[in-house]
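Written below as structure tokens is the structure these notes are about.
Chain nomenclature is as follows: A, B and C, assigned in order of appearance, with residue numbering initiated at 1 for each chain independently.
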Amino acid sequence: MDYFAQQLINGIVLGSIYGLIAIGYTMVYGIVGMINFAHGDIFMIGGFIALISFLILVSIGLTVVPVILLIVLLVSMAITALYGWTVERIAYRPLRHSFRLAPMLSAIGMSFVLTNYSQIAQGARVKPVPPIITGGYTLFDRDGFVVRLSNVQIIVVITTIVLLAIFTWLVARTRLGRDMRACEQDQTMAALLGVDVDRTISMTFVIGAALAAVAGMMYLLYYGLVDFFMGFVAGIKAFTAAVLGGIGSLPGAMLGGLLIGLIETLWSAYFSVEYKDVAAFSILIIVLIFLPTGLLGRPEVEKV
Amino acid sequence: MTAPVPKPTLASRAPDVAFIFKKALISALVALVLFSLMIGIRTEAGPAGQLIYLTRFGDLAAIVAAVFGGSIIVELLRRWWGPVGTIRIVPPSVQSTLAVLRRAIAPVLLIFTLLVPVIFYDQRYILDLGILVLTYVMLGWGLNVVVGLAGLLDLGYVAFYAVGAYSYALLATNFGLSFWVCLPLAGILAAFWGVLLGFPVLRLRGDYLAIVTLAFGEIIRLVIINWQSLTGGPNGVSGIPRPSFFGIPLTPGDDGLAAKLGIEFSPTHRIVFLFYLILALALLTNWVTIRLRRLPIGRAWEALREDEVACRALGINTTTTKLTAFATGAMFGGFAGAFFATRQGFISPESFTFQESALVLAIVVLGGMGSQLGVALAALTMIGGFELFRGLEQYRMLVFGLAMVLLMIWRPRGLIGHRAPTVFLKHSQAISSDLVKEGHG
Amino acid sequence: MSGKNILTVDRLLMRFGGIVAVNDLSFDAERGKITALIGPNGAGKTTVFNCITGFYKPTSGAMRVMHDDGRDIQLERLNDFRISKLAKVARTFQNIRLFPGMTALENLMVAQHNALMRASGLTFLGLIGAPSWRSAEKRAIDLARLWLDRIGLLDRADDAAGNLPYGDQRRLEIARAMCTEPALLCLDEPAAGLNARESASLSELLLSIRAEQGTSILLIEHDMSVVMEISDHVVVMDYGVKIAEGTPDHIRDDPKVIAAYLGVEDNEVAAVEQELGL
């Protein structure tokens, strides 16, 4: 039972990270109808930026941990958001009115570019960092099995909740959010009504990238390493989360992320670690076959 | 006398210069921010195993300068060349010459290919390259049935390649079956797998189908890696027997083909044989595809790509139509996989990554959906281009990715811009690819 | 025993979430006759079509097709493509759905897919070029040629369908539907976007189809000149229910119909009718 509780905690933390990435997928799919294949790699870039920022800050003598965390958070969000913006400008915007396959192939190409770029820029080896945040709380200690809630885990979950609250408010209450929802429904009409569609779409990518950067930083804090290939698998899992939750739905993405995180953690704990990715991919297939609109999505009727 | 018309002065072009300069400056600034940490700083493992970093500001400055300069060049090119998709009027004399050339390309290319082992007999490198190109041509033609003809977005084609390769490898090493027995078996197994995979997912639309097939491809790869008892896991399967010339081995001994023909043995014989083998397989794929296009099933595939709803209204069972496209493409992938296994003598899961699927898909799209010649040319271009990166392998994926992005912006319809109708009353008129739909899965 | 009717729609109900698009609709379409389904926009006409042709699954109700040979087919049980294949119900679409990247001839060949598949022995006979396949293909091309001639597109047979002018595309879509040799032809606004001359030639085409092929026709149409000229029977819908049915003359004078379309005072009806040429 305690083992299960620990897995539950771990799963929620992992799920929060997936959820942050999934939000980017779901927002982009909602507004431009494309799967941003490069989004997982944006997450990876965010992790790298966080890593390098940490290194620099620590080496120039900064020791106050909360300050470091805040600076790294802002820096990686800002720079990664710029990556997201650039990718959209270069690879997607010119293809917005092209046929379906073009943005997808462009996204795949961009994904290769980002992966390879990291590999060249920082080397192919996995980059480990010593734990920056240590300590935690022992929740239960019975029969020799300790259930711990580490500080890192608390930070990840709280950061996720705060960001989720901010962006939910953003989408529901601000002008930008309204513009985004308008573009989701009917781009042409939104443009005719004075919405700057280009800018709105760019902002969607920027927000998605910023959240992915946070996820990257959280991943770094939690697992203590980044590597140039982590975007690929994480990306597919996060997309699975977005689909599971219902594509186009922000709370759905988070819900899906939590579920995927839990399923992956519990599967590794109780069945087999080697096949955990297979489990995640299989879920994607099962969800798309049996529940294509996801848990919180709206069913679409095909207009003939 | 009327006043002379003033010539355009440098001043009247000045706004252009200022605009270009501003744009380049912004691009350079963006590049500076983007690359500041990733390129300006290099993380390394320090002497005690911890992470240290080095600065590379020189590299950073160079790249930012390159972006600045490149941005100027791109803007100038854009002004000179016109926006993407500008229609250029080609004079009729040039047009007719081009038409003649176009008709000649396919036969000329075929004859050249047939003669490659003769021309380059001693250059093992060229023969190997030729075999590689032909393998991808065959894969491209196979995927072309699924993506180009039927319009189904398959991002997991490598799975069928893997099934074919591992089928042959395991059947040959465990049961000693010859290549010629295993080849059809590999195709059947791959096709069977295609039906199995296709059945639940083929009603998904476009992007979703793409990512599901991607997931399937990855699942296959992970299963191969982890099911060590069956597939040998990451170590792969080795000792795969080489093909024989219809039963006669290509070895130096007295029972070898060389001895039987009375000529001196050379290891090049096997390479030449492999070359013609893959050429034959590729041409088979091509012939079957061309025939099928003229038959109701092929026409149904293309109709599916054009408008699935209309197909249903005409009484066409779209599910089985999609399945046959999927299975046929899978079968050819399986054949190619079996060939791959026998050519290498050793296979491992590393050869069957998503990057392979993406590469074959890029070949099909670059070739112009549905065009056999286009796919062949695209395979030649891409694989040939890859070969140029020998020694710069690090940058290969980067350039490939950039190439994909640029190609989609510049020529999303591929090299061959038209589709040839499969039946005509009076004369066959090529249909511009602007009219041809790309399919929604 | 084949009766007077080719199609019977019985208490059809179609609900989308909270919206009832078609509410308890019942009507019959007579064999060998042209039945028109008219009504203001949003009345649910295309929804009815989509139910009949299997693109929507009705919430409840029955639709029956009765063939010449006495076979009765319940449409609500069939999947979409089977309705064309087994029930021999063909349709065209409000927004033309041709295969734009294929030639006019190829479009008509695709329509004969099922017959050709059988003849090609599920492709295998075709692959080896068997003579039985060759003659079947020739027959198919001849049928296509016939229809192309009938709609006046014989000299454009090898042109891409997407390149044809709008009016020709509409007629090609009808010809394509006829190449499936249907018992019931459902046309969704075939005259949409056609000028007076094109509408007249469309009416002529549909009348000739009724006369020569004996195909029953069910059509949705807004163009009253076409409806009045060719329909044998008219069913009027509004807000998902049938508000009137009868001969064209009968419904022309029906006040409910007029109110549904025009919503004017009775004393202004005559003036408006004259304006519309009714």
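Of note:
The rule we apply is simple: contacts are C-beta pairs under 8 Å (C-beta built on N, C-alpha and C of every residue); 3 or more make two chains touch, one makes a residue touch a chain.
Given the structure is predicted, the values throughout are model-derived calculations rather than measurements.
Overall, the chain located most centrally, as judged by its C-alpha mean against the mean of all protein C-alpha atoms, is B.
If you tally contacting C-beta pairs for each pair of chains, A-B comes out on top. Using the average of C-alpha coordinates as each chain's centre, A ends up farthest from chain C. Each chain gets one centre point, the mean of its Cα atoms, and the points for chain A and chain B are 30 Å apart. Separation between the centroids of chain B and chain C, computed from CA atoms only, is 43 Å.
If you average the CA atoms of chain A and of chain C, the two centres end up 49 Å from each other.
Counting partner chains per residue, chain A has residues 302, 304 touching two or more of them. Counting partner chains per residue, chain C has residues 55, 93 touching two or more of them. Shown for chain B are the residues in touch with two or more other chains, namely 309, 437.
Only residues 288, 291-292, 295-297, 299-300, 302-303, 305-307, 309-318, 419, 421-429, 431-433, 435-437 of chain B touch chain C when the two sit together in their complex.
Listing the residues of chain C that touch chain B in their complex gives 53-55, 80-82, 84-85, 90-91, 93, 97-103, 105-106, 109-114, 116-117, 120, 123, 126-127, 141, 145, 154, 157-160, 162-163, 176-177, 180.
The residues of chain B lying in touch with chain A in their complex are 30, 33-34, 36-39, 41-45, 50-53, 84, 153, 200-201, 204, 206-208, 210-212, 214-216, 218-219, 222-223, 226, 309, 354-355, 358, 361-362, 365, 394-398, 400-405, 407-409, 412, 437-440. Those residues of chain A whose C-beta lies close enough to touch chain B in the complex are 29, 33-35, 45, 48-49, 51-53, 55-56, 59, 79, 82-83, 86, 90-91, 94-95, 98-106, 108-123, 125, 127-130, 232, 236, 239, 243, 274-275, 277-278, 281-282, 284-285, 288-289, 292, 302, 304.
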